[in-house]
Amino acid sequence: MTLEVLLFASYADAAGASRVQVVVPDGATVADVVAAVRAAAPAIPLPKRPLVAVNHRYATPELAVAVGDELALIPPVAGG
Amino acid sequence: MTLEVLLFASYADAAGASRVQVVVPDGATVADVVAAVRAAAPAIPLPKRPLVAVNHRYATPELAVAVGDELALIPPVAGG
Amino acid sequence: MRTTLVGRPIDVAALTREVGAEDNGAISLFVGTVRNVNEGRAVDGIEYNAYAPMAERELAQIAEEASARFGTRHIVIEHRTGYLALGEASVVIAVGHPRRAPSLDGARWIIEELKRRVPIWKLEHYVDGTREWVAQLPTGEATADA
Amino acid sequence: MRTTLVGRPIDVAALTREVGAEDNGAISLFVGTVRNVNEGRAVDGIEYNAYAPMAERELAQIAEEASARFGTRHIVIEHRTGYLALGEASVVIAVGHPRRAPSLDGARWIIEELKRRVPIWKLEHYVDGTREWVAQLPTGEATADA
């Protein structure tokens, strides 16, 4: 399946885009998506275990994803 | 010497006045003044060791007082 | 720094601006307000009575101590006197600081010290028509900075 | 309770009024402001960028958790986005409560949680013309509520 992953702040700057498209097998997990992003956009300075949000919630690497989910890579936050 | 002691809140209400006059020997201390107030105005509900201010500062019982000092008995405070 | 007793409503926004500065990353504010109930009794309003010159001196002293302790001069304290209706602000403390932790600690330290030692008293007016002086601390246990 | 991202200046006085209530004895506010220096570099202003729908969700979630933890519904959080000049408020947290300790604890807990998990980023504009994303936490160490 083809998924889009939203990018923000330093990740978006590094990628030169606010989203990246990846292709992963059906039943793929958050960890699989992260691996696919690393391959598709190696310029993004992802840490070993980047934060990922699925449908506006922080997700564990084991969570299965599906077409229609809103995926986002979350750089270290700095609000306040 | 004759000294005036300012009263506030519950102390003033109990005394029916905002000050009380006492006569104490020269060289008297804060503790002597408190004892004289107890005698002069027994209606004031003074605790065993009431707070006393001399010239706008909390004073220890041993502090010597003199004519011209501003003396005040401070009921338990309740600001804020 | 500025500390004062006031006879009119306290302007929280003005105090916030007053402690603002370009090297501040944080402003913490504490606002004391008049509650409609105290120890189970329905309150109508509170009359704040101060030993004014001493209260002004203690407020200034607390601000100086807070400045030394928390490392900022961006401190303002206003305490009201007179009759206050429900919901009105009796005290506002504002502390600006480059960092948030000492700003929050400072506001908290100041309200605790203020309640412990500033000579101000509350005459609570109850809905049933009675009035009573509030004894914040157990009688005779107030220690202040003596 | 109300939490939101906003694109215009935050009105501290309005938020103070909003969390006011007749059974409150205390309102604590935390205001985050734009500092003129960060890690030794002279700052000109900060652009706040949010993953808006998720940030709104996290702010609401933090308010709910604070409500359960500190026992009050009188909580408002506003966080600004867009470009802010020096001294401007980036976030205001207001917590009303019958008693002062949980009000102060609540404001502090909320700002710490907000900084830990709300997806907002700062692009600092430096006086020398450069810009850089601020990394609040060591890369990869942000844990959030996952």
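Per-chain numbering from 1; labels A, B, C and D assigned in written order.
Simple rule for what comes next: a residue touches a chain if its C-beta (ideal position, glycine included) is under 8 Å from a C-beta of that chain, and two chains touch if they have at least 3 such contacts.
Just so it is clear, the model here is predicted, and its values are computed rather than measured.
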Most distant chain from subunit D, judged by the mean position of its C-alpha atoms: B
For subunit A paired with subunit C, centre-to-centre distance based on mean C-alpha positions, whole Å: 49
Interchain centroid distance [CA atoms averaged], subunit B/subunit C, Å: 25
Per-residue multi-chain contacts in subunit A, two or more chains: 80
Residues of subunit D engaged with two or more neighbouring chains: 32, 100, 111
Interchain contacts (touch definition) - all pairs: A-D, B-C, C-D
Contacting residues of subunit D [partner subunit C, same complex]: 11-13, 16, 20-37, 86-87, 89, 96, 98, 100, 103-104, 107-108, 111
Touch list for subunit C against partner subunit B, complex: 32, 48-51, 53-55, 57, 79, 90-91, 111, 114-123, 133-142, 144-146
Partner subunit C, residues of subunit B touching it in the complex: 6, 8-10, 13, 45, 47-51, 53, 56-60, 72, 74-80
